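Taking it in order: structure first as C-alpha cells, then the write-up.
Chain IDs A, B, C and D follow the sequence of writing; residue 1 opens each chain.
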Amino acid sequence: MLKIGLLGCGRIGQVHARSISQIDGAKVTAVADAFEAPAKALADKTGAAVMGPQDLIASAEVDAVVIGTPTDTHFDLIHAAASAGKAIFCEKPVDMSAERIRDCIKAVEAAGVPFMTAFNRRFDPNFASVQARIADGEIGGIEIVTIQSRDPSPPPISYVKSSGGLFRDMMIHDLDMARFLLGEEPVTIYATGASLVDPEIGKAGDVDTAAVTLTTKSGRICQITNSRRASYGYDQRIEVHGEKGMLRADNMLENTVEVATSVGFTKAPAKHFFLERYEAAYRAEMSYFVACVAGQTEISPGIQDGLRAQLLADAATRSWQEGKAITLE
Amino acid sequence: MLKIGLLGCGRIGQVHARSISQIDGAKVTAVADAFEAPAKALADKTGAAVMGPQDLIASAEVDAVVIGTPTDTHFDLIHAAASAGKAIFCEKPVDMSAERIRDCIKAVEAAGVPFMTAFNRRFDPNFASVQARIADGEIGGIEIVTIQSRDPSPPPISYVKSSGGLFRDMMIHDLDMARFLLGEEPVTIYATGASLVDPEIGKAGDVDTAAVTLTTKSGRICQITNSRRASYGYDQRIEVHGEKGMLRADNMLENTVEVATSVGFTKAPAKHFFLERYEAAYRAEMSYFVACVAGQTEISPGIQDGLRAQLLADAATRSWQEGKAITLE
Amino acid sequence: MLKIGLLGCGRIGQVHARSISQIDGAKVTAVADAFEAPAKALADKTGAAVMGPQDLIASAEVDAVVIGTPTDTHFDLIHAAASAGKAIFCEKPVDMSAERIRDCIKAVEAAGVPFMTAFNRRFDPNFASVQARIADGEIGGIEIVTIQSRDPSPPPISYVKSSGGLFRDMMIHDLDMARFLLGEEPVTIYATGASLVDPEIGKAGDVDTAAVTLTTKSGRICQITNSRRASYGYDQRIEVHGEKGMLRADNMLENTVEVATSVGFTKAPAKHFFLERYEAAYRAEMSYFVACVAGQTEISPGIQDGLRAQLLADAATRSWQEGKAITLE
Amino acid sequence: MLKIGLLGCGRIGQVHARSISQIDGAKVTAVADAFEAPAKALADKTGAAVMGPQDLIASAEVDAVVIGTPTDTHFDLIHAAASAGKAIFCEKPVDMSAERIRDCIKAVEAAGVPFMTAFNRRFDPNFASVQARIADGEIGGIEIVTIQSRDPSPPPISYVKSSGGLFRDMMIHDLDMARFLLGEEPVTIYATGASLVDPEIGKAGDVDTAAVTLTTKSGRICQITNSRRASYGYDQRIEVHGEKGMLRADNMLENTVEVATSVGFTKAPAKHFFLERYEAAYRAEMSYFVACVAGQTEISPGIQDGLRAQLLADAATRSWQEGKAITLE
C-alpha cells in the first residue's frame, strides 16, 4: 500500500485524491494546503491527516508526494521531498525556469527518487492508444503530426499575466504531446501568434491564437495550433500521418445523440470542461505513478520530459517574439 | 451500337436519355410521347426521330425499348414490343395487377426477348456494394436486414389516390431491396401502417407511415419502415447484420461540410431529390441493360423480379388491411 | 443520509455499491448474500454490516433496500421489505410471472413505500437525452421508433434455459425503452424470431434472433430487433423519427481513435461489456432512486412499469409462438 | 452560344470538353493539339474542327480559348489570344515565372479580355460552400485555417524534375485556397519540407512532405501540410476556425458503405483519382467561366490570382531553402 501525501488541496489536488481512492494499492495519508478549509475537507473525505508541508514530507506515513501547489512553490518542495527520499509526482510545469528545473534534476538524481511529471494527456486512453499503435508500427514511419488544441474560452486576464504566456501555459501540453508522438526530438521550431480573441491578452504581451511548426532530424514535421476559444467545446485532436496510413483521435463529445432536421445532422458539442474531458487520463496517470513506485514499470514522463517541454515552450516564445525559426541545440 | 427507342419522354424518360448519351455502345434513335412538346424536346437533344409508339416499336432503327410511360400503358406496350422481338427495359411497377404481369411474362418468354425491370436502387453504388460484399461472404450468413426509406414530403393527394397505395407505390422498392439482400425468398410478411403525416392520405384509404417484417424459410428477418416525410432529406438506408458483422449504407448528404458551434457538430442534410440521390444508379442500370442486350451479362432484375415484388406489395397491403401476418406461398 | 441495505452482493450488487459510494446523500449500511465471501468483501469495502436478509430488512440501520438477488427470490423480499416500510429498488424482472408482480404491487401499494424498477437504460445519458428532447417537442409528434439491441455473444445454454426466453430476458429492456420513448402504450404486438446464432438455443425452445413490431392507438410504430451476437461489440442504438425530424443515440465506442489505410477509415468497435457500456446509467439510476426517496422527484420507472414490460414480453413470446399479431388489452 | 476553342486535347482538355458538353450556352467549335490523334478523337466526339493553335485563336468560330497545353506554351498562347481579343481560360500555373505572368497581365489588361485562372478547387461544391458560409459571417472573424492536401502516391521522378518543385506544383492549389479562405493577403510565410516518401525526390532537389504557415496583417493564421502519399486516397480537407465556430469540409469517400466487425467500424477510403474527386468542381468552374464571358458575373479567380499564388509558391520555396520565415511585400 503506497502512502501518499498531497501537497495542495485545490482543484487538481482533489482530482488526484479521487483517483487515488479508486486505486487498490494506494491511499492518501496526509494532506497540506496554504488554506485550512480545503485541506480539512479533503482530510474528512479521505481519512488523511492535515499537516504542514514540511511535516508531511518528513512523515513516516508518507512514501510519495503529489505536488499540486502553485508553480513557484514546486522548486522548494521538490528539493525537500528528494532530500527526504520520497517519490515525487509533480504537476506541470515543474518550474517556469529551465535553469531551476535543471537544478531540480540534480537534486532528484542525487537522491535517486522516482519523479513523474504530470503530463496527463499522455494517459488519455485515446491519445495513448494512438501512440501505442504508432509504436507497434501500424502506420509505419511517422511523417506529419497535427495537433489541434483549443480551449472553450480564455482564462481571466489576471491569470494570463502570471501564466508565462500561452506557449508556456497552454501549448506546453501540445509540445509534450508532439515529443510523445514524433518519436524523435525536434531540431527546429517556428512559432507565430496573435491576439484575436481578447485584445486585453494582446495588451498583456501575450497571444490567444498561435501556431507552431516543429521538425525533427529525419525530417518529420509537426504542426500545432492553439486557440483560447472554441464555441463547440474543448477541442483536443491529434492526427498522425505515416508511411502506411493515418491515425487520429477525435474529440470526446458530450453524448452520442444526433438530431436530424432540415438543417442537417447535428451531434453534441465536445465536452467543455478539461477535468471531465481528461477524467480517464487523470485516473490512468495516477495508477501509472503508483505502479512505477512499486517498481512495476519505468517512470515516464520523467523530470527530463518536464525540462524538454519547458525548453520547447521557451523556444516557441522566442520564435514568436523574434519572428524567426529557431534551431534547437 | 444498340439503337434504343424511348417510350415516354417525361421526367424518367429524360433521365434515361441522359444516361444513354453517356454510354458508348448505345444511342436513342426514336422517341414517343402522348404529348408533342416533350417528345420534340428530347428528339432535338438526342437527334432521335419522333414517332408514334407503334411505329417506334416496329421501326428497324429500334433494337430495344425503354418503357417510361404511365403504368396502365405498360401491358400493351410490353406485348407489342415482345411481339416485335425488341429487348425491353420497363419502369416499375410492370403492372398494378399480378395477374396481368403473369400474362406479360408469358408474352416475353414466348418471344424470348430480354426484359429488365427498372429497380434502380439495386444499381446504387452503395447498395450494390453492400450486396456484392454479402455475396462475397464478408459478413457470413445473413441474420437481420433493416431498411429505412423515407420521402422528404408526401406526394399530392391526387397522386396518392391512383398510386395503388404506399405498399405498392413506395415500399415496393424496399421489398425488392429486401429480396436482393436476403438471399432467400420471404415466407411470411406482417405489415402495419397509419396516417400520421397527412390525414387526407388516411381518408383516401392509404397510409403514410408503415412498417413491414419479412421472414425467410431459414429464419432470416427483414424490417422495413417507410414514411412520407423526413425533414432532413430523402432518407435511404440499409443495414445488414450477419454472422461475422454488419454492413450498412448510409445516406448521401448534400455535401461534406460540417459546422461546429455551441449547438454541436452539424453535417448537411441528405440529398432531397430522388433523381439526384439516385443519379449514379440510373446511369448504372442503363449501362447494365445495354450490356445485357449485348449478351455480356445475365439480365437482372428480370420480369419475375417485377412480379415477386408486386406479390409482396399485394400481401403487405392485405396484411395491413387485415391486421394479421400472411404466409406467402 | 439514506441508509441502504444491499440484498445480493454479486456482480450487480457490487455495481450498485460503487454507485452509492459516489452519492453524497447515501451509504451502504448492511449487506446480505447467500454466500459469505461476496458479502464479506463488500462489507470490507463499504464499512457495512453483514446480515441475513430478514435481519437486514428489519434493521433500524436500513431505510431502503436494493434487491439484486436471483429473480425467484424477489417476491418474498419485496413483500418483507414492503411490510417493514422500506423503500425498494429492485432489479428487473420484478418477477417472471405477471400474476405475482400484481401481487407485489398490492403489497407495495398497501405499504405505501417507494418502489423503483431498475430499468437502467432509461438513465443512460444518451437515451435519457433522446427522451427528454422528445418530451420537449424537438421533433414533434413521434411516428417511428427503431431499437437495435444486440449482445456481443450468446449466454451459456444453461442460462438460456432458465432465462424465460429472449423476449423476457433480453428484449424486456427494449420493450421498456419502447414504452419510454413512444409516449403511448402499445396496443398491438407482433413478434418473430429464429435460432441463427446457436442451434442449442433453438433446441432449448428459445430464439437468438428476433424482431418485434409494436403499434400504439394513435398509429405510432416501434420496431425492435435483437440478436445474441454482434462481432463489433454491444450494439445498443435507438432512433426516433418524428414530425419535425429524427433523434438517435449511437453506440458508445471503445475510444475516439480512427485509423485510415487503403481499406478505408476504421473506428473502434462498440464497448463490449454491458457494465462498462452502462456505467453512467447505473450511477444515474441510483442517484435518482436516492433523490426519489428523499422526496425530491417522482419515482420512475415504478413497479407498474415492471409489470407492463413483463406483460409485453409475455405477449411477444406468445406472438412468436403462435405466429400472429396480438392485441393488447 | 459561346464558341470555345480547346488548346490542348490531353487529359485536362478532355475533362473541359466533357464539362462544356453539359453546359447549355457553350460548345467546343475547334480543337488543337501538338499530336494528331487526341485532337481528332476530341473533334469526333464534339463535332469541332481540328486546327493549328494560331488558326484556332484567329478563327471567327472561336470566342474563347481554353488553354490546357504544357505550362511553357502558356505565355505565347495567352499573348496571341489576348491580341485576337479572345476570352481566356487558362490552366494553372499561368507560367512558372512570376515575371512572365506580369507580362501576360499587361497583355491581357491591354486587350481587355476576360481571363480566368483555373484554380478548380475554388469550385468544389464543398470548399465553395465553406467559403460562402464564411463570407456570410456564419463563424464570424476567421482565426485559423488548416489545409491538409495529400496525394495518394508520388508522381514519376521525371515529372518531379520538371515540375518546379512541390511548392509550385502541388501546394500552389493550397496557397490559392488559403487566399480564398483567409479573406486577407498573407504577409509572412514559413515553409519546411523533407523527402520522406521517395529518396529520389530528395536527390532531385525537391521535397515530398511539406508544411507551410502563413499569417495575415490582422493576425490570421493558416497552416498547410502536403504529402506525396496517402494510403487512404486523395486526402483533401480544409478546416476554418473562427470567432463563432468552425467550418470544415471532409474528404469525399468512395461510397457510403460501412462495415462493422471485431476490428471496428470501417468506412470506404477517400476517392483516389483527382479527376473523379474534383469532377463537380471541373464542371462548375467551366460553367462559371461561360457565365463570366456572358457578362453574368465577375471573373474570378483572375490572372492576378494566378500571379499571387505563384509568388506565394516562390516564397515558400525560398523559405524552405533558406530555413527562415519570409516577409511578403
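Simple rule for what comes next: a contact is a pair of C-beta atoms (placed from the backbone, for glycine too) under 8 Å apart; a residue touches a chain by one contact, two chains touch by 3 or more.
These are the chains along with the protein names UniProt gives them: A, B, C, D = Myo-inositol 2-dehydrogenase.
Every value quoted in this text rests on a predicted model; they were computed, and no experiment measured them.
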Most distant chain from subunit D by Cα centroid: C
Size of the rotation, in steps of 5 degrees, that lays the CA trace of subunit C over subunit D: 180
Reference interface A-D: repeating pair among B-C, C-D or A-C with over half of contacts shared: B-C
Between subunit B and subunit A, distance of the C-alpha-averaged centres to the nearest whole Å: 57
Interchain centroid distance [CA atoms averaged], subunit B/subunit D, Å: 40
Subunit A, residues touching no fewer than two other chains: 230-232, 244-246, 260-262
Residues on subunit D engaged by subunit C in the complex (per definition of touch): 230-232, 253-254, 260-269
List of subunit D residues in touch with subunit B within their complex: 125-126, 129-130, 133, 138-139, 244-252, 255-262
Complex interface listing, subunit A residues touching subunit D: 141, 143-144, 146, 148, 150, 188, 190, 192-197, 209-211, 213, 215, 218-221, 223, 225, 227, 229-232, 235, 241, 243-246, 323-325
